[in-house]
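Heads up, the next two complexes both have subunit A, just with different partners, subunit B and then subunit C.
And then the complex of A and B:
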C-alpha cells in the first residue's frame, strides 16, 4: 500500500521544480531574478536566450556549482521533491552524476589531457555504482559503443587530444550517462561542433532520452535546434523568463515580442526592406532596469503602439497564462498574437 | 570507413614497444637541451652506479711513494696527496652527492607539490598562511640552515637531508599552487565536479597529474642546484668524512696542491659541473616544453571563450 502511494506521488511531482530562484553577484547585482521552471519526467525543455541572459548561470545553479562570486540568494530547486539549495556538499556529490548530469559547450577541454577516456568515463561508475576498476572499464566500452563511438575498445584507451570535437562530446555524453541520471543539463552541447555533427549529437541525446527515461534541460541560443528537439521552451531575458510554453505553439506564433524577434532573427530571411532582422540595442543593460518591462527599450511592438508606452515603462508585466501550460510576460499579448504566424 | 580511426598517433601509442625503444622515442622527440642533458645524466648515473666495479683501484688505498703524480697510463687522472687514484675516487665520490641530492629532490617534490596543490585548491586562509610561510623560508639560504643543523647534530645523511628539505620544498609549493589555480579554472575540473567527484579525488586524479610536467622541470633544475650545494658543504667539511671520497671533499683536499697538481681540483670540479649541467639541461628542456604547452592551452581556452 505504502509502495503504491510512493509511485503515485512520484508521478504527480515533477522531476525538477525551480521556484523563485535568485542568483546574485557578491556585489549585490542580481543575475537571475525570480526564475520559475518546471521539468517533467522524460521532458525536454529548452532554455533560450541571448548571451548574458543568465542561461548558463541557471545551469550551474541547478547543480549548485556556481563560481565563488555568485550566490543563490533565495528560492528553491526541488529535485524529486528534495530541495537542492539546502543540501550539503557531500549530499550534492552523491547526486551529481548519479541523478543530475551536465554537458558543456567545449567537449575537448572538458576531458583531462593527462588521463585516458576510459578512466574518465569510469569515474562516475566507480563512484556512484561502486564498480571495481576492471568491471568499470568493461562497462565503459559498452557505454562508448552505445553512444556510437566506432572501435570503442581502442577509443577507450585514447587521450582527449586524439579525439575530434564530435567524438569528445560523445565521450562526455557517455560519462554523463554512465551512472544513469534522471536529468541531463546540456549547456550549449552542440555550439562548438560542425552542423553535421550537431545533428548526430542531438539525435544521440534523443536516443538516450528514450532509452533511459531521461529529462533534458537544453540550454541554447540556437532556435533552429529547439523546434526539432524540445517539448517545451522557456525564453530567458535579463535573468527572467519572458515566455514559456509548448515548443510547437511558441515557434509558430509566439506570445511575446522578444520571442517573436528572436525567431525572426534565427530565420535569416530578409525583411521587407531587404535587410536581415536584428533586435536593436543589447540585453546587457537590461539587468539594471528597475521599473517597467526589461525588454521595453528594445521592443518594436511598444514603438508601434504608443498607447502601451506608459504601462510598459512603469510596470513590469507578470508571467500570465496565454494558453494551456503557456505563459508570457507582456502587457500586449493580444497584440502580439494578433500579428499572426511568425513565418 | 571512419577517417578518425586512421589517426596515426593512436596506433603509435598503442603499439607495443620495448622499454629501450620507448625511452629513445621519449627522449628524441624533445628539446635539444633535454637530449644533451639526458646523455650527460645517463653517463653520470652509470658512472656512479657501477663505480665499485669500474674503478681501477681502491679509492681509499694510499700509496705515499707515488703521491701527486700527473696523469699516466696507470693512473689516468694521476694521484692525490696521499697517492690515491683520482679516477677511482672520482667514480666512487659521486655516490654521496648524487644520493643525497636525489633523496632531497624526491622528498621536497612530493611535500612541496602536495602543500602547493592543497593550498591552491583550498584558497582562503590556508592558502594565505602556506604562502607566507613559503615567503619566509625562501628568504633563508639553505646553506645557512645546513651549517646550523650540522653544527648541532654533526654531519650525517639524516642531518644533511633534513637541512636541505626544510627549505627545499618551497619552490615546488609556490609553483604547484600557481599551477593549481590555473588548472582549477579549467573545464575538465568542472566536468569532474559535475559528475560528483570528491575534492580529494579531483586533487589526486586531475590536478596533480596536470602539474607534473612543470614540476618535473623544476625538480631537475633543483637537482643540479642540490648537487652543487652538497658539493659546497663537503668542500666546507660539512659533508662526507675522510677517507670516504666525495667530489666536494676532493676539491677541499686539493686546495693546498693547486699549483703542483691542478688536476686534483679541476677533475672533481668538472664532474660536479657536468652532472649539474646535465640535470639543469633536462629541466630547461622540460620547462621550455611545458611553457609552450601552457601558452597553447591558454590560447585554446581563449578561443573557447570567444567561441
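And then the complex of A and C:
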C-alpha cells in the first residue's frame, strides 16, 4: 500500500492541506496549536498520539463540526485547493457527507436512538443524491449488506439501541459511505470491534478507497492497524505534530523519542520489573510549556544525554526533515535514530 | 466484609510466573462466580412477526477467587449481554448465577441494592456510562454515598481525588464535565469510580479499547496490581488478544451466544483447537497481507443471531466443515487437560494440521500455520 506511486501532480495538489491550524476554547485555552498535515489522493494517513492530545478535536475541525465552545482561531484547511475555514454554513453543509464524511468513536451516541437505522443511512442519500424513499431503501439495504450486516432488510427497520456496538459502527460506515465522499475522517472506527470484524472493516475501507479513490484520515490507538493499513503516519502530542512520515520507516525506526516510547508501550511486553512500559507523567500540562520542547519533562533520551538539556529546555525544536516526506520535531534526531530498530 | 486474601509480595515482582494455573476441573477450588446454563433472548419486531435474538444461549462458566477470566468472541456474540446479566443490569431468560455460593439472581429491591457494589461493571463505552450533566467528582462520589462508603463528604472527596491520581488524572478533572474530557480520560474515570466501591468481582467490558498505548499499559498495570495485591476476581472482555494474554488466567471463546472453547491462557495461545479460535488468532495478526483479498481471514458473513445455523453454528464459515456438521450440534467437551472444545472433529483436525506442518505447502494448512505463527507473535 505504501507503494502507491505518489505522482508529482498528487504531491503538488494534495486533497487536503492543513497549515498552522489553531483551535481554542472560548475561554482562550489552546487545544490545537499550529498543526500541519497533508493528505494526498487515495492516501491513508494515520493520526496517533496519546489520549487528550487533540486528535478528535482535529477531526472535528477538519470536518468543520466543532462544538460551539471550540473555535478555529487561525490557519488554513485547503480541500482541493479551497480554504474551507472561510466557507459559509450552507456551503459546508453541501460538502459534508458528499466531499468529506466522518466516522466517530462512539457509534451508539452518534446514532439517533429515536429513528430507525434506515432513516439514518438514507439521510445523505436523500440529501446529496436526491433519491426517493423507495430507491433510498433499496440502496440502504445494499449498503448495510456491503458492510457485513446480516439480515439487512430486518436490521434496516431496527433502532440503533438494538444493535451491538460492532453493528452500530457498521451502520455508521454505511451512512458515511452513502454519498460517495472523497475524504473519510475516521475517529477510532474499529476500537469497539473484535479482531475478525475489525480486519473485515479495514479491508472494506481499503476496497472503498480503491474503488472510489477515497482518502482516509484514520485516528487510532492500535499501532498494528497503523502498520497494516496506513501509508503515512502523523504522531500528535499536546496539540501539534511531533513526527510525520512513511509508516514503514517510522514503525521500524522512529526519529522522535515520543514515537519510540509509544511503539514500545504498544508491544505489551513486560519490562524487567514485570510491569509493562508506560510513559510516566501526562501530556495534559504540556500545552502550557512555553519554552523548550513540550515532551522534555517526560523524555528519557534527554535524561540520558545531559548535554541535550540546555537546548531541549530552552528552544522548541521545529518540524525538520529526516528523510523523504518524513519530518520530526526533536533536537536529537541523530541520537534517536542511533538507538536502532525499536522492536 | 470479607476480602480475598492478598497475594504475597513475591508474586508482584514477576506477575506471570506465579499466576494461578488450573490443570483441570478436578483440582479446583469452589468457584467464586458460578454461571450455570444462562440464556438471554431478546424479541425484535420484524415484518414477518417478532423474531427472537438468542444473545446468550446456554453459557456455563466458573471463575475462582482471584482468577481473571477472559471472554472473547465476535461482535454481537453476546459478551456484553453476558456481562449485563452477571451485573444484574438485565435479567436472564433462564439459568443460574451464584456468587460466593449464594444465588445472585434472586435478590431484589433493598437486598439487591446492598449487594450491588460487590459486582462492578466497567463498560465498553465510557460516554454511555457517565451522566453528561454531572461533574466527574460528583459521578465518582455519588455511588460511594449511595452505598454509605467513604465516611462524610470531605473524606469522600479526598478518596475521589486520591483515586483520580491512581488512574493517572490530575485534580482539575474533579470539576470537569464528561464533554470536556477525551475518551481515554473518561475510561479512567469509569475504572476509578468502580474501584472506589471496592468490589469483589470486577467485570471489564473492553476496558482498554478507548485508551492510547501508554494509558493502556498504565491501566493494565493497575488491573494486574489489583489482581496480585488484592486478589480481585475479574472477568475481562476484550478484542485485543495481547491484552488477554497479559491479563487472563483462562480464556473463554464465544460464538453466537455459546462457548466454543475454554482453556488456560497458554494452552489457548499455544494450541488453539476450535477452528474459530484459530481464525481469531490469525485475524489478530494484522499485516498488509491479511488485508488483501486472498488470505486466511474468515470468509462469509457472520451468521445472523436471528436465524442461527443448524448443527454446529460455525459450520457456515468453518474451513473444515463436513457434511454432518450442519446436522449435529457438538457439545463442549474436555479435549486436553484444562481445555474444553465444542467441535466434533477437533482430534481429526489436530492430526491433519500436524501432518500439514510436516508436508509444507499444503494450501489447506494456511489457517493452522497462521494460528501457529500467532502463537509465537503474542
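The rule is simple: the second predicted complex is superposed on the first by the 325 of 343 C-alpha atoms of A that agree within 3 Å, B and C clash if a C-alpha of one lies under 4 Å from a C-alpha of the other, contacts with A are read in each partner's own complex, and residues count from 1 in each chain.
Heads up, the rule we're going with is that contacts are C-beta pairs under 8 Å (C-beta built on N, C-alpha and C of every residue); 3 or more make two chains touch, one makes a residue touch a chain.
Source: prediction; values computed, not measured.
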First (subunit B), second (subunit C), both or neither: which does A:50 touch?
second
Let me test your reading of the model: by the given contact rule, A:127 touches which partner, first (subunit B), second (subunit C), both or neither? first
Applying the touch criterion given at the start, work out whether A:98 contacts subunit B, subunit C, both or neither, answering first, second, both or neither. first
With the two structures laid over each other on chain A, which partner does A:334 touch: subunit B (first), subunit C (second), both, or neither?
neither
Q. Which partner does A:162 reach: the first (subunit B), the second (subunit C), both, or neither?
A. both
Quick check for you: in the superposed arrangement, does A:261 touch first (subunit B), second (subunit C), both or neither?
second
Requested in this report: With the two complexes superposed on chain A, say which partner A:114 touches: subunit B (first), subunit C (second), both, or neither.
Outcome: first
_Is A:310 touching anything from subunit B or subunit C once the two structures are fitted on A? First, second, both or neither._
neither
Winner on subunit A touched-residue count between subunit B and subunit C: chain C
Overlap of the subunit B and subunit C interfaces on subunit A comprises residues 105-106, 109, 150-151, 154, 157-158, 162, 164, 167, 191-192
In the complex, subunit A touches subunit C at residues 1, 48-52, 56, 67, 105-106, 108-109, 148, 150-151, 153-154, 157-158, 162, 164-167, 188, 191-200, 202-203, 206, 221-225, 227-229, 261-263, 265-266, 268, 270, 273-279, 282, 284-285
In their shared complex, subunit B is touched by residues of subunit A numbered 63, 65, 92-98, 101-102, 104-106, 109-115, 119-120, 123-124, 127-128, 150-151, 154, 157-159, 162-164, 167, 172, 175-176, 178-179, 191-192
Given the complex, residues on subunit B that touch subunit A span 1-2, 4-5, 7, 9-10, 13-14, 186-188, 190-198, 201, 205-206, 209-210, 212, 300-301, 304, 307
Residue set of subunit C touching subunit A in the complex reads 12-16, 42, 44-47, 51, 72-76, 80, 124-125, 127-128, 168-170, 179, 181-185, 206, 209-218, 220-221, 224, 239-243, 245-246, 279-280, 283-284, 286-288, 290-293, 297-298, 301-307
